[in-house]
Amino acid sequence: MAIRRHPRSFLPKAFAEVDLQRRHRLGAPEIIFGAGKTVPQIMAIARKLWSAKQPVLVTRVDANKGQLLTRAFPRGSYHSRARIFTLGKFRAKDSRQMLVAVCAAGTSDYPVAEEALVTLEFLGHRPTRFYDIGVAGLHRTFRRLPEISNHQALIVVAGMEAALPSVLGGLVPHPLVAVPTSVGYGAHLQGLTAFLGMLNSCAPGITVVNIDNGFGAAYAIHRLSLGLPS
Amino acid sequence: MAIRRHPRSFLPKAFAEVDLQRRHRLGAPEIIFGAGKTVPQIMAIARKLWSAKQPVLVTRVDANKGQLLTRAFPRGSYHSRARIFTLGKFRAKDSRQMLVAVCAAGTSDYPVAEEALVTLEFLGHRPTRFYDIGVAGLHRTFRRLPEISNHQALIVVAGMEAALPSVLGGLVPHPLVAVPTSVGYGAHLQGLTAFLGMLNSCAPGITVVNIDNGFGAAYAIHRLSLGLPS
Amino acid sequence: MAIRRHPRSFLPKAFAEVDLQRRHRLGAPEIIFGAGKTVPQIMAIARKLWSAKQPVLVTRVDANKGQLLTRAFPRGSYHSRARIFTLGKFRAKDSRQMLVAVCAAGTSDYPVAEEALVTLEFLGHRPTRFYDIGVAGLHRTFRRLPEISNHQALIVVAGMEAALPSVLGGLVPHPLVAVPTSVGYGAHLQGLTAFLGMLNSCAPGITVVNIDNGFGAAYAIHRLSLGLPS
Amino acid sequence: MAIRRHPRSFLPKAFAEVDLQRRHRLGAPEIIFGAGKTVPQIMAIARKLWSAKQPVLVTRVDANKGQLLTRAFPRGSYHSRARIFTLGKFRAKDSRQMLVAVCAAGTSDYPVAEEALVTLEFLGHRPTRFYDIGVAGLHRTFRRLPEISNHQALIVVAGMEAALPSVLGGLVPHPLVAVPTSVGYGAHLQGLTAFLGMLNSCAPGITVVNIDNGFGAAYAIHRLSLGLPS
Amino acid sequence: MAIRRHPRSFLPKAFAEVDLQRRHRLGAPEIIFGAGKTVPQIMAIARKLWSAKQPVLVTRVDANKGQLLTRAFPRGSYHSRARIFTLGKFRAKDSRQMLVAVCAAGTSDYPVAEEALVTLEFLGHRPTRFYDIGVAGLHRTFRRLPEISNHQALIVVAGMEAALPSVLGGLVPHPLVAVPTSVGYGAHLQGLTAFLGMLNSCAPGITVVNIDNGFGAAYAIHRLSLGLPS
Amino acid sequence: MAIRRHPRSFLPKAFAEVDLQRRHRLGAPEIIFGAGKTVPQIMAIARKLWSAKQPVLVTRVDANKGQLLTRAFPRGSYHSRARIFTLGKFRAKDSRQMLVAVCAAGTSDYPVAEEALVTLEFLGHRPTRFYDIGVAGLHRTFRRLPEISNHQALIVVAGMEAALPSVLGGLVPHPLVAVPTSVGYGAHLQGLTAFLGMLNSCAPGITVVNIDNGFGAAYAIHRLSLGLPS
Amino acid sequence: MAIRRHPRSFLPKAFAEVDLQRRHRLGAPEIIFGAGKTVPQIMAIARKLWSAKQPVLVTRVDANKGQLLTRAFPRGSYHSRARIFTLGKFRAKDSRQMLVAVCAAGTSDYPVAEEALVTLEFLGHRPTRFYDIGVAGLHRTFRRLPEISNHQALIVVAGMEAALPSVLGGLVPHPLVAVPTSVGYGAHLQGLTAFLGMLNSCAPGITVVNIDNGFGAAYAIHRLSLGLPS
Amino acid sequence: MAIRRHPRSFLPKAFAEVDLQRRHRLGAPEIIFGAGKTVPQIMAIARKLWSAKQPVLVTRVDANKGQLLTRAFPRGSYHSRARIFTLGKFRAKDSRQMLVAVCAAGTSDYPVAEEALVTLEFLGHRPTRFYDIGVAGLHRTFRRLPEISNHQALIVVAGMEAALPSVLGGLVPHPLVAVPTSVGYGAHLQGLTAFLGMLNSCAPGITVVNIDNGFGAAYAIHRLSLGLPS
């Protein structure tokens, strides 16, 4: 009888391809997408980065994995709501630090908003939370508007019909990255409805990232600080 | 050689099935859906209704058909923008006349809004136009709000991401029928995007009719006046 | 080792945005959508509303959450079939109380129908059940027709091909809100089939709410009683 | 300069593959699907069949092609409404002649119903028309029911939400083949809505053919007469 | 504390609507769709039918429900593979008994094929199994062809690309009901691929029922025996 | 006979809602979406803006409309390839002028890229063309890379599988807005394939606008220059 | 008045990016996809290739463009059925010449099959036509089988349910590239049905190219001759 | 009480249809698709093959089934990562042994790549792993390119936007079979996005197999070695 597992020697090679130059090429270290990976896989990549003196951010880390990672890296932090594990922090130049308003329409959009927020902090920016300001109660949206305008960019997280980015995008001139969430019931189609709504927004110049992709929105903001002249 | 067309005697029988009792059963005469029908077909049905002393409304009548119908029925009217032909008018009791705010988000939503408006007038109600009040310029929406609130029901026509029904539905307590339109470009999917957005509206109690179905929205309002005690 | 959970001080702020003015603006208190929320979150919002002397209705509450909520609010009631938790009751003026026929095509449509029914009662209306009257046995439908007609509005819940709203909508002139359900097997597409069928109904003036959205249908009826002059 | 068209010698070979044995194998001659073919192509195949003493039926023949074919085959007939061209007729044994009720919900379903009807006649059966009996006016449906029941099988053609097959299938025990049509507007999705509705019918034992496929429904009935013992 | 369950008195009424006349109207007793129902619900309906001297067939009964039902009705039988529970048997007249070839392409199509087979037996017909004859090994298909042709009708169950109905439908003239199954992986889309393939079959006169709907196919065959003159 | 067209007096009112304050609110004048509008409609809005001393940009203007508009506004320009009509130009502060690399994968992506480019110039920015650099010939992509990197932001237009944004986004750290185009054949689904590919890009922080929406991408870049501190 | 067309100087630069090295890199010259390009654009690219002593193949050339191209390049040939224009021919080494059986299920699949065939000839291979061998008449398929097996690879073009590749792929061991076509009516979904069917084929090791992509299938075969050792 | 399971005598017959001649017809033994089958079913088929002196390969075998199979067939091997169980090995002639580069874009694509790899080894070929070479870090792709080119054919496994096959297909002339994987989040649609991207690849002559179908890709390569002259 022979359950032939993949020999140990195979794993390291296949896993060696950590992109250590990304920091210089793209202005940030390689980020680990935690969803499809086992804890040992994540740990191997994290160690590579860390020993190359690069900070580590792992997305889509569930509570269980989070506990194992914090045990393995006592200096790291697990952000339960954002489902992110971090070890160290990226040091951007101060002149490039972005003030970002992270807006969320409803309670169920929080985890995605938090993913954006923790990523922004990791990349050296300064995000502020504006949660529960969906258009079903526009007065709440308006009450926060002056404060929101005081930032340099907006991330707007919304599910259901995703009207919030259109409303905000029609009121402020800032860069606005919209994140559709897979929240709702009935014909929300796992976020496709919110997503299509954002793409068809009547407010000009809104851009969209993938469903539930708070990390992507944060990174898009990070690019803003890199492409522009310091 | 024999091009055997369907004999004349066949047509009348098949076409005899005009629902003359609908007026009594549903509180309005049978409406003719003009899109799939030839002008002779429409004329045959219209004559049946008219000779039974029932007013006639034909939807989806293009300019060409409209001209032919007005020639055939000199007392009728062709509403070019709404693509509707009417002959006579339904007389509802005054106590049941509804005051309806017909709201349209953008220029391209007008034809659908007009279809709703002309149908409402035909059925004896009193609609008012509130056009070009989409959320890309919320100040325009708010300026009209007091006047809109002064009606008994709202029809809200919108394409693209269709945020207008959510915004209005969160501000006024009236019955609100949303009509998605097939307006936009890119991933608007012939109105499906607007339509899904309306269904997933965060404002409670909004109902939706089919894409571009201005007539259906008007008739839904007509039902309001019938079901309730006079 | 540091599992950094979101500090307590963060939660209250984000959760403070209960829309207490909605009662005056929309004629009903804010409703809590229970699906995406934890029991502590629901309890926090419920307390806010209750201490502001507003009744509480929570939708999509599973049996487990229901038990915890009834333990926390001994004066509340858990409606297991409708998956709704209520605390107190909204007092509408008598003149505005709607008589509503809640119709369901088949056994599997009951939970959605019950969600509509309990919501209607909470909002002060008087619903009656007409269940298991699907078109596969039209004699059952017809037997109940006179009684159904005796109401002011209809909510029609149906899955599969959703023919019931078309049949009823062609027989009675009342306002009719159709609710598609995600019931069936094979190509029912989680309710999209029923939903598309209702939208394309040949009966004029039928409106539709989202899949399985019994609450939305009830609230649409509630709007009827608000928009009209008392 | 050399516009190299495909040499004549290529065409005959490729076109020689007329299935002359189909008559014996499947109990009917090969039918020509006219939509994707040029008139010369159709004529070539028709001549093959005709010279093999087999009758010819061509579906999806538009008016223009129809005229050219009747000119080429003076003994043939063009059925303009059904968009079918026939030359001769299949002679089934009398004992196998089926009495078929061809039902159509609305005016726009006629062309598809006629395609079924003309095909049935060509194959030696006896169809009867029951048109304009859609469920929006159920009294019309019921008035024809006794007569419909007097047949051996039903073909039910319907677009929009396609409730008619469910209603009829719940009232009569006959074999029932439903044909969805691409009629409607808004979210009818070129007939997919009708089609999905029929598949999810609550009436047991209904079968479905492709959208607008009147020919297929007729042929399915033809199979009934063949498979059974004579 | 008050968990208000629906009072007992509510259930019986709602559940009383068993369609006892269906036997006379449609030539078979009401069939119970077991998927969305609890065991007590199924038992209540089954008792109604049984006490009215009608046989009982319940579809989509999982192993657990099956055990509970056989305990409750010791004279009943649970067909584990077909996921069907039966109690008694429908007695069709001998002259109407259909000989049916139930064909299945691959191993994973068996449960659906068995659902058809057990339903056919319950309704008084005589089905034969022809399993594992998919087109990947056409010699297997051909070996069974003579025997298959010896029946009066075919039910063909297939998943994946569903080529089997096209192949059989091009070789035999019998009535052929195709049942797509949700078998496969990758882009099989829960059976939609098989289903669309069957609808677009190049073999004429094939009809289709819903995905995995073995019961529906069997009932369609049952209709054949009823509509035709005895 | 009475073809009742909408009276002239109706049009101006409905058309008066030009958003003249948008310039101050959003940092750019209202843009006219030309696709759904007639030339007189466009002219009316353009005159409003122009007389309020605001420059005019009309998108989706076909050749015919373009000719009529240039005749009406002799000082305007029609950009045939970009399908844009402009009258005057927006004057951004120099410090905010963005250097933008407009990249297009293949020949068929040019019109969309040109729409972005002309919009950028109208809004006061400095775009450069990098066309025909799709990944089928990566050497072409690489040859232009140093020059591309020398800009502040990238707009990447691509159809088919849309690999170009992923490749560029993995090589440069700049803000990158991807525009899917409806180019290709077969299963490109009117641009949905390109669009989904961009959303799922493995390069971090890429954002997407609607299919063929060159204008939207340009405006998103414009927002970059506004939100940031001057 | 100023209709500013794109200055001539812009076009050449943008169009200069013909990939002349592709011949050496990929073993074949760059192919021109003619669908989205104007005749002058095609001519410019063709001249570049031709003057670099590379043969030219343009796909998706309609009759009108074909005439203009043959006028411009008198030594070229327009293949009307395949909608291809060629100028010269690629000379592969004899040892690499592939014998390819190009199979087509039905008449409407010919244009796509011809696109594959003409491309194969242009690339130096030897294709043979096997047309009209669809599974609706399996005897025709079998009659040609020995001859088909005598080739080195198969291209199988089919629309509708696309059963032909499964049948052939289960009978012969050769490399088989399947091409779905957008032929059929009803729910064929512009070829998606055929395409999904091919992907889910029960015959092992079949590969698929895009809908109607005869060129792609031919090129895939060309790759076979290149990758293997000569 | 009678739980009537399918009698033993039924199973063997239905299971007897193992295709033992496939080896001679298709150049490889029948492969067992393990997903829909129970362990006893798999064992029965495996024994048939093994006793006919044919090697056995079972795909989609989860860890649990794998353990049971290795216990039953001590000479077999379970490849946990590829989810494959093998017993013996197919012996291809040496002249036909293919050198295959199995490329995978990211970590999550490994299981599918391993399925291809183990299948290739079983069929007698020589695959090499090139993992983690996705386009987000093109330098990694390029570093491996010379080595990749040294093979006879490529299998390219990728999820997300699936740009890797386009990049590789534009750089090397080899036969390239692309395998989309169901990896990613948000709008990756269970692999459909990757899959559509591959089909629309701008690199010519790439072919695609079903989502996650590593086995199919390997078998397609096997066909290459069979169809060509030895």
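All chains are identified by letter, namely A, B, C, D, E, F, G and H, in their written order; residue positions are counted from 1 within each chain.
In this section, a contact is a pair of C-beta atoms (placed from the backbone, for glycine too) under 8 Å apart; a residue touches a chain by one contact, two chains touch by 3 or more.
In this text the structure is predicted, and so the values were computed from the model without any measurement.
The chains touching subunit E as well as subunit G are D, H. Shared residue numbers account for under half of those found at the interface formed by subunit B and subunit F, and the copies are therefore classed as meeting with different residues. Each chain gets one centre point, the mean of its Cα atoms, and the points for subunit C and subunit D are 45 Å apart.
Mean C-alpha position of subunit B lies 35 Å from that of subunit D.
Under the contact definition stated at the top, the residues of subunit H that touch 2 or more other chains are 136-137, 170-171, 186-187, 192, 199-200, 204, 210.
Those chain pairs judged to touch are A-B, A-C, A-F, A-H, B-C, B-D, B-F, C-D, C-E, D-E, D-G, E-G, E-H, F-G, F-H, G-H. Residues 25-28, 31, 151-154, 170-177, 199-200, 204-210, 215-224, 226-229 of subunit F are the ones touching subunit A in the complex.
Chain contact summary for the complex, subunit F toward subunit B: residues 1-6, 10, 13-15, 17, 19, 21-22, 33, 35-37, 41, 60, 180, 182, 191-192, 195, 210-213. Only residues 105-106, 134-138, 159-163, 166-167, 169-171, 184, 186-189, 192-194, 196-204 of subunit G touch subunit E when the two sit together in their complex. Every residue of subunit D that touches subunit B in the complex is listed here, in rising order: 66-67, 70-71, 74, 76-81, 107-108, 110, 114, 129, 131-133, 136-137, 139-140, 183, 185-187.
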